[in-house]
Structure formats: structure tokens, C-alpha cells
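Shared chain: subunit A. Partners: subunit B in the first complex, subunit C in the second.
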Partner chain A sequence: MGTTESKTEEKTNKTPILKVLVIVLLLAVVGIFFSVLKDKITGFVTQGNVEVNVQALSSLSVNSNVYFGNGTISNDPANLTSISTEEGDNYGEFNNCSVINGGINDTGRDCTGIEVENNGNVYINVTMDALNNVSGFFSSQTLTGADFTFAVLDGNRTKNETAMQIMGAGNEGIGPNNASCQINGNTGTSISPSGSYLNGSWMNWTTISTNPYAICSNLSFGDGNDTITVEFNLTFPADEPVGLKSNSFTFTGAQAD
Partner chain B sequence: MKENNIKSLVKEDIPKKTVLVLLVMTMVIVALGIWTVLDRMNYNQINPKTSAGGEIKIKILPSTNETVTTQQNINTVEG
Partner chain C sequence: MVMTKKGVAAKRAEIKNKTVIVLLIVLVVIAVVTVSWIIISSDNAPHTDIERTGAELSVNVLPQQNTSSSGIGNFPP
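Let's turn to the complex of A and B:
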């Protein structure tokens, strides 16, 4: 008799637990169903409002290369040849970089710096990787006086995109919202190396290395204010052999934190 | 007697069908859960990097002095 009673009691006690378990499972199924359904909806109307989920797209493009052209260099160690994408009148026959030349396919006169544009729809941080450093780029035995540096300017190579460029050097105080490379809220960093003035009035030339270099922590997107330009400066050692010299750069963008 | 009662109790505690249904539902839920996580990773959580290349080129020509010197050497040899 006692056994039958306890059996009935246990059944009575476990039945609600079973029900709860089944309800929990059902709720989980319903929750997953709605969760999946929500992701698949790209737009729906609720009380006259249309909600559209736009996916984040990190994307950048390089709009120009640098081709200094052909020329001779100085063999005098006391008077080495220097050329720059920021110079209006480069040494000898090398391209004059003060004017805008052709596009990326114009192999004749591309000499305005490498322009990097954010053509996605999110802020990105941009990193630059160089294939060669100073010793890799030059073939000189001594490398005496050799120099290969870069600097980063806000805006495009035509220098007419951002308000900062239009206003010119000395007017950087107009605010980060008018710049392409803005301040990253988490890291507090922006363009790097920083401080270069437009039109080369002062450039923060930094020696190129093969280590990845974060040149912009928060590059904006949109039709304007979405480009930075990497400028280059070279000084040739007197014993640099003749021939074609080239260096490749890879620019990598990822959504800014 | 007591042992038999306990065994019968255990056997009759939850019907096998119920266990089977719960098992299937659990598997379905797990599958849906994994699918949901992977689906969201594809669209929202993975932050793919994008890259593009640029290039600097310059051609150094022989200087005029070097050319003259070379020509002189050739003349000397010919002479």
C-alpha cells in the first residue's frame, strides 16, 4: 500500500517538471524562429515606417600611383639628389609634382602621392605595408645620405576635398568633422604621422620601414572627406646605380573599433 | 518487493515517446541555434579586411659625365 502511494506521489511531483521542460523547449524554438526571421527581413512596414538593415561594408581603393619619371642623379656626395611628391619643381628631368597628372593608368606623369579612399559605408582604420625599406629600395653599396620617407596628408591629391585642405595650413582648428581622417573615439588617435601641413609648408617625413604602419585610425566615408594622401620624399646616394627602382605598398582597411 | 516497486517506478516515470520527442526537439533546437549563430557571424560579426596596392617608380638614367667617360674609353681602345 505504501509503495503505491509513494509511486503516485512521485508521478504527481514529476509531471509539472515535465510540463515546464516542454514549455521551455517550445519557448526556445519560438525564440530562435523569430530571431532567424528577423535577420532575414530586409524591410517591413510598421505604422508607416520602413525599417531597412544596411550591412556594414569595409572597402578602400587606391586612386593613384607615383611615377617620378626618368632622370639623372647627382654624383656629388655634398649635393645629393632629392625628389618629392610635395615638390613643385623636382631635380632635373624628374616629374614636376606640383600639378595633377594622369590617373592610375597614366604611366607618363603620375606624381602626386598615393591617394587612398574609403569607398565603403563605415569608418575604417588604414594600415600601410611597404615591400622595401631604405636598404631594400636602393641598390647603393654605401647608402650614404640615402633617404626614403613618407608623410600623410588629409584629403585627396588634388587638395580640394576636405574643408581643412580648402582652408589651408594654420586652419586645422576648424574641427575634426571637416577632416577625412577623424579622431578614433576609443584610441584617441587619428592621422599618423601627424602634423603635416597642406601644400608642403611642413611635412612630418617618417622613414619607411617594412613594418605595418597605421596611417589613419578613423577614415571617414561618403562622397567627400573620405580620402588621405601618402606623400613620398627620396634622397639618392651618390653611388646609386642606374636603372628602374620601384616600391610597392599595400593599404589595408578594417572597420574602426 | 520494494526493489521491484522501485524498478517499476523508474520504468514508468517518463514514457519513452516523451523522451524521444524531447530528444528530437533538443537536436532541432541545437541545429537551429548553431545555424543562427553562423548566419549572424556572416553578416554582422565578421569584419573582413580590405586591401589595395600602390606603387612608386623612378628610373635613374646615366649621367652625362658617365656617358662622356664611357665614350672616351671606347675611343682610347679603338685608338
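Let's turn to the complex of A and C:
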């Protein structure tokens, strides 16, 4: 009799423990369920509707550098040497920027601008940072006539991506109809500096500084129209010493508001 | 007051059970907090990922070729 009472008492004591244990197990299973689904494409069927949540990915890539190559420069202050990613001949010594895979003594179009591509799945704003400004880039003592500028064009570095512009607006100034860098609904801004012509007949050259510069407020994504190209123009001061000159640019992409 | 041997055993069992219950309650609290955190963090809040990448611009300035000459003489081919 005493043994039966003892067992009953023990059983009564264990019942709440078992209940709590079951709750813990249940919560653990729920936790594992959510953990497995986290950071993945999820789908829930509710009354015949399928909901899919694709996570936003801000991602950009830089597809080219600028190699002007080797050349001599003018030491005549009245006739300074200028080279550009938008120029054709570049005095026949520096790399040819006029054609693709061509030019005398040139194995390719090495001096294209810097092409920035949005390879994510959300609109991004793109900021450019230069390591050196004019005085940091040139070694000249006087910097008389020195110039280091950039401009931004919609489309890729060979200018054959932007479908909308190729179809008929190719020679017009870059404006609200940009196919790649579109207008940001909140800020009202698009490509910057704006107004440059795709055919290079007029470029909104802007002096390079080391301050961050927002070059596109709303770069589109997808295979067709997701690139902008930063073009460069250099004018060497007459007293610029010989040697390699280089500059680094950092492009930052963040999801557009 | 002196407890019997049986009484001591019962008291120990009671303390043991209470300890287990407290531990389980703590586990439940941890599990609830974990699940809540997972649910909250898996919402659709906009991502603010920032990505950076770089590029280079380079140009090499060569010395001027001195092509001027004067005088008359034989020059090597």
C-alpha cells in the first residue's frame, strides 16, 4: 500500500515536468523551423496565393580601368597636351580611345572610361571617391594649365548597351530619359554631372576632387540597362616631370531610397 | 525536531524536482526569446548593404626625344 502511494506521488510530481518538457521541445522545433527558413526564398500558401520574398541585394562591379599608356607631353605652355577617354588619337602616342580593338600600334581600346555596373537586384545610388585631386595627381611645381576632370555617361564603355538611347536618343544630352541611371523619385536627381552627350560632342567635364561625389542616384538593374561610364580628361602642365602618374577611384553602391 | 530517514529522502526529492522545474522554466524563457528574435529579424526591413569596389587610372609620361641637330658630318646609320 505504501509503495503504491509512493508511486502515485512520484507520478504526480513528474507530470508538470513532462508538460514543461513538451513545451520546450515544441518551441525548439518551431525555432529550428524558422532558422531553416531564414535568409532563403520563402513561400507560404494561403488560400491559393503563393507569397515569395526575394531579399534585396545591393551589389556593383567595376568592369574596367583607364590605361592611357605611354607618351611624351608638350613643354610649350601655349600648347599643352590633353588626353581623354573621349578623344580619338590622343597625339598618336598614348593609347587610342577612338575605336574598339584598333588604332595604329594599339592592340585594343585600353583607355575607355571606368564602367560601373549594378549587378544586384535593387536600384542603387553610386558614389565616387578619388584618392588624388589635381595637385595630388600631378607632380608639377606650378600646376599652370593642369586639368583633371571627369564626366559621366549613361550606358557601358562601348556605348552600345543603352537600348533606349540607341533606338533614337543617342545624340541627345543625358537627361531624364536615361535608361540606366534613372531619376530618383525622392531626390529628383539622376546622373551627375548631367548633360553630357553620348557621342561626346559636349561633355560636362567636372574637376576631380577628393570629396565623395554622387555620380548616379538611381542606377537600374537587370541585363539590359544597368551601367554608367565615368570618362576622364587630363591636361598636363608644361613642367610636369616624366614618370608614371596614377589615381585610384572607389565606387560605393547603396540601395537607393 | 528530528526528521525520519523517509522524510529526509522526500525533502531531497522535493528540492530536486523544484530545481528541475526552475531550470526548465529558464529554458522555456530562452526558447521564447530565441524564437521571437528569429521572427523579428526575418522581417522585410530594407537592407542597407553597402558595397565598395575600386578602379585605377594611369598614364606614363616619357622624356622628350631631342631631335635637333647642327653641323655637318657623318652620322651613324
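Basically, the second predicted complex is superposed on the first by the 187 of 257 C-alpha atoms of A that agree within 3 Å, B and C clash if a C-alpha of one lies under 4 Å from a C-alpha of the other, contacts with A are read in each partner's own complex, and residues count from 1 in each chain.
Methods note: a contact is a pair of C-beta atoms (placed from the backbone, for glycine too) under 8 Å apart; a residue touches a chain by one contact, two chains touch by 3 or more.
These numbers come from a predicted model, not from an experiment.
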After superposition on the shared chain, which partner residues are touched by A:Leu18: those of subunit B (first), subunit C (second), both, or neither? first
On the A-aligned overlay, A:Val52 touches which partner chain: subunit B = first, subunit C = second, or both, or neither? neither
Go through the superposed model and pick first if A:Ala78 touches only subunit B, second if only subunit C, both, or neither. neither
Just to be sure I read the superposition right, which of the two partners does A:Val29 touch: subunit B = first, subunit C = second, or both, or neither? first
With the touch criterion stated at the top, can you tell me which subunit A residues are shared between the subunit B interface and the subunit C interface? 10, 21, 28, 35, 39, 55-56, 58-62, 64-73, 75, 83, 93-94, 114, 232, 234, 236, 240-255
Per the contact definition, I'd like the list of subunit C residues that touch subunit A in the complex. 13-14, 17, 20-21, 24-25, 27-28, 31-32, 34-35, 38-39, 41-42, 44, 46-65
Name, in rising order, each residue of subunit A that touches subunit B in their complex. 3, 6-7, 10-11, 14, 18, 21-22, 25, 28-29, 32-33, 35-36, 39, 55-56, 58-62, 64-73, 75, 83, 93-94, 114, 116, 120, 124, 230, 232, 234, 236, 240-255
Interfacial residue positions of subunit A with respect to subunit C in the complex: 10, 13, 16-17, 20-21, 23-24, 27-28, 30-31, 34-35, 37-39, 53, 55-62, 64-73, 75, 83, 93-94, 114, 122, 232, 234, 236, 240-255
Partner subunit A, residues of subunit B touching it in the complex: 1-2, 5, 8-9, 12-14, 18, 22, 25-26, 28-29, 32-33, 35-36, 39-40, 43-44, 47-66
